[in-house]
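Take this structure, written in structure tokens, and hold onto it; I'll ask about it next.
All chains are identified by letter, namely A, B, C and D, in their written order; residue positions are counted from 1 within each chain.
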């Protein structure tokens, strides 16, 4: 059985193995034992509510209970930008108009901003290739939304997710090549490496600080603003299903979109329900794929299963109850897996 | 019977009378026959769909069918800022931090922006004092939300409403006195007058264009950013009930909040339903205050009544059907008046 | 003999003919008959205005071949560039970018729309027929304006500038405009120049042009190359003004990126090395000056109405009290013995 | 007799004693023993460095009473303000606000964080014991640095500036800091000055200070009044430098809003009116100079190592080839007959 749950200290080896499988491009999941064990320590303290809400980092792992393997990981960081500045470009609008010449120009502009400071962030999603089947991917990603629905008071008003921006097959970024590179004289992969090393804010210090008209950029750079990397398109759709949307914030390097939502607009917050567990008695008439989570923060657990809650009750079998560490008459939170 | 409906050419006299009752402070409803008849002409063409969607100005009047009097007015402008620039201050965030000194400053900033260009705007709401009873106020304001729910394809992604900002009892504005006045050497009422005369964009040309740290302003000016005038607090609550919220845009003069919402997040869009009209047969068991509107754009009509739709049907009596210009088996759109 | 004098109403037909041969967008002088008439009228008012007011005046000078009355060229000087608004230009700023942690520190150039030149006096409308290029009379025309200003400093600012046409290709396209102005004006360079009539002091500029610094590295290569480049047809005034003491450095034109030359009056030859001398009718032997002792001087009258300037040969005047002028020159300048004139060595 | 000479390691105790009496935040000289040691070491390296390199050097001079060896004051000059980073200051910009339709046009002052002074040579660390204020020796100390630069221009920039302490009240509060710096640094003025050790060329400044123009009308009245105001204790150097040719106008200090005086070298007396003369041992009758013929001159040696400067009385030197110096002065300056010296009239 596959269950997603709050990480525990003893998951270090499993997480370390997973990190070795990630490859480049994920800055928050490097195979570094010290870094990972520090992160797990923060996560454990987060689920135990031993540190202030804005310092928390909720790390979830997917466990295959048949063999105890850690199959995937995902995370919610409570607040970005409180340690060092979190930079984005925000797309704004400036209108230049002259009645005398009968000219009206509506121009997009890029503002270097720290506007998303303090937002909660979805990050560090990785599923081992062996487990990329069925609903595992959705469960791993969406587990976080049900967690937020259960504990909305722990999250600031806004939730964001940064998505990788458009790149050519050779790894070059038209946005970087036409903007950032002029200010750094380094290519994208080098800038990306520095970013991975946590030097993103230092690079931001060198970015032009005055508002820029998008029209200054060549068309190929304009065209990729807010566009995701081809590999990231499925992740984008999944987040959009849950209520995140693009509102004009992009990455300062590659112009990849930042998706955002106010917490109370999330599908999970709007549509998930708390129901009572009952034993399986009869086949559910209209069972469909659902997420079911317990209501414990310290030992948060969630599964995906075909089920049909009715009249405030949900039928779960013994194995499912065990996976969720719940029993008959426990409250669980449910939401359909798909919209 | 009170009905809100699309304005007609013959409503000019009634609207003119209403405009004489408005008093100062509403820039879009002045007792000027030429101006009003022009506006009605645009509105009539809007409901008749004879002009492009972005040029439309939907004007609704509240009619007392017992005496034919025009008791109130409200409007939705399809898109702001397309004729001349629409200015706001947007509150952004900039973080200044130095590890060396262990200083981290999170600063609010004001950006002069035209970001709301193209948004639909709720405006020109006025209810005659004689009719400020019962649900009339809510009906007049919320009629617009049900209209949007019925015709969402006519509206851009975002809807906004500008609210009057904080003023002292003497009419002075702490925000203006500490910001705008330094750049104009005129007092708030004079600036407000110019604004009423449609000169707002000219004034905006004189406002400081570089991002301003809010911290530069004295506390009394900082404190009123995003605060409404005491008389406007009820209107703000009503709009917030319908899904509008404050997202950091404020008026450049008095820092009054601009409330905004993405159209598909509006309560009316999410929760209103289309049901079929049936004659009244039995007392509805759980009747409560609802808005009921027909589905015609050309002759849009809406009433508030205590009713309880069930199983896709709604019981309307003959007078109500007549008010809505509908009959048995017509489709009507309904939404509870209160959340 | 070549004479520089204030424009007269009777010059309008000749100016219209002169303007008809001008390259579009390159010269700042008025081109349509109506604009020429307005410029002449303004100049007449300016020369006639009381001497203690500096503001709206724009003085238009004519270079004339005194022997046949032919109009050879024109040049103007305005008391204040911003008399009818605010004079806008791009200031070439340097923004310092620093990152200690990345050990990177470098400068980025950025163009900032500014009004710094508003109160300066502005030279403009310089044009000389092609066959007189590089001749002393071209220098006379260019400099006569400054000699006029040196005689009547109360009518002018202490600082002067002149904006010269920037690079455009054979079709009249400006690469600088394509990269910048077009995005805001949404029209061709020549169309924009026609609409604004070459002005840089109108409100529509602040309505349309960018208010934030334009980072130079983001401009196209062609636009960057055009920054500060003078149009081929403006090389004559560029050379004359550079020799006079003007320098191009900090400002460029907001439309075509052409150079804006500026100088404090003390850096200009006409001010710093002009000699105020009294006229003395030349004796005969003065005409017999040996070539090695003979120097070319520009001479201008010390009066606003009926201002005149011309070229003479004279012995060195650096330590002189008077300047000897022939009767012919004195007639041309309308001066008599004992009148003050300003002499500047060519 | 007062002598200015390069600092020596043996001066450290006296400098520490001198620094102990300084008002916090007002003087740019090093105040802690460790900082003083570093400054002395840097100066020793600078004077000993080859003459053709301009960069990291910071030269520290001592004013000494030669008769009793007492240390009277100190002053420094750095080859390049940005040698250890980027030198930041506020440039006082003017932004033109125009609305045609409202018929309003006015200027707004705004302070822009800039690095314009980075490559300038910087004067700093001026201090003279109170009883020597307004005496010739104070002028000697201030000017000796510039005479040194005039003798060795290859070690310095063509432009010089000095930032003088701005207004603070008796408690050391700076109204300018309260309105600006405090909001970003979140600490008191004196604490900030202590932490940055008076430096204006460190990365933390760009990390913390505002990157967008600060509109002056939004500052408190007290802060606006403090802009460009010199601290009472800095009036002595302010007067000396103004007389030398420095002018305050475009730049102010980013912390306390104090004036930054700047000048091109050609505007400075030590450069423009310095006389390079050969030393000639004074005959007896030179000492008998009548008062009306006697002028006060500052004399400096034309060498980096063992640089010396002092004050002498002399007849006018403007058209002289040599300067007559007494043996005592020659010994103090360590010069011999025929050596070059630079003389500047006080």
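The rule is simple: contacts are C-beta pairs under 8 Å (C-beta built on N, C-alpha and C of every residue); 3 or more make two chains touch, one makes a residue touch a chain.
The chain lineup, named per UniProt: A, B, C, D = Arginine N-succinyltransferase.
All values derive from a computational prediction rather than experimental measurement.
J.: Applying the document's contact definition, name the chain pair with more C-beta pairs in contact, A-C or A-D.
T.: Result of the comparison of A-C and A-D: A-C.
J.: Name the chain whose C-alpha centroid is most distant from the C-alpha centroid of subunit D.
T.: Here the answer is chain B, farthest from subunit D.
J.: Measuring centre to centre with CA averages, how many angstrom lie between subunit B and subunit D?
T.: Computed value for the inter-centroid distance: 63 Å.
J.: For subunit A and subunit B, what's the span in angstrom between their mean Cα positions?
T.: That pair's centroid distance is 35 Å.
J.: Taking the mean of the C-alpha atoms as each chain's centre, how many Å separate subunit A from subunit D?
T.: 56
J.: Do you know which subunit B residues sit against two or more other chains?
T.: 96-97, 205, 210
J.: Quick check on subunit D: which residues sit in contact with 2+ other chains?
T.: In subunit D, 95, 98-100, 203, 206-207, 212 touch at least two other chains.
J.: With touch defined as at the start, can you tell me which subunit D residues reach subunit B in the complex?
T.: On the subunit D side, the touching residues are 95, 97-102, 104, 108, 110, 179, 183-187, 195, 203-204, 207-210, 212-215, 217-219.
J.: Which residues of subunit D touch subunit C in their complex?
T.: 85-86, 94-96, 98-100, 105, 107, 114-116, 118, 203, 206
J.: What part of subunit A is in contact with subunit B in the complex they form?
T.: Residues in contact with subunit B: 81-82, 84-86, 90, 92-97, 99, 104, 106, 111, 113-118, 245, 262, 265.
J.: Touching subunit A in the complex: which residues of subunit D?
T.: 206-207, 211-212
J.: What residues of subunit A sit close enough to touch subunit C in their complex?
T.: Against subunit C, subunit A makes touches at 96-98, 100-101, 103, 105, 107, 178-179, 182-184, 194, 199, 202-203, 205-206, 208, 210-213, 215-217.
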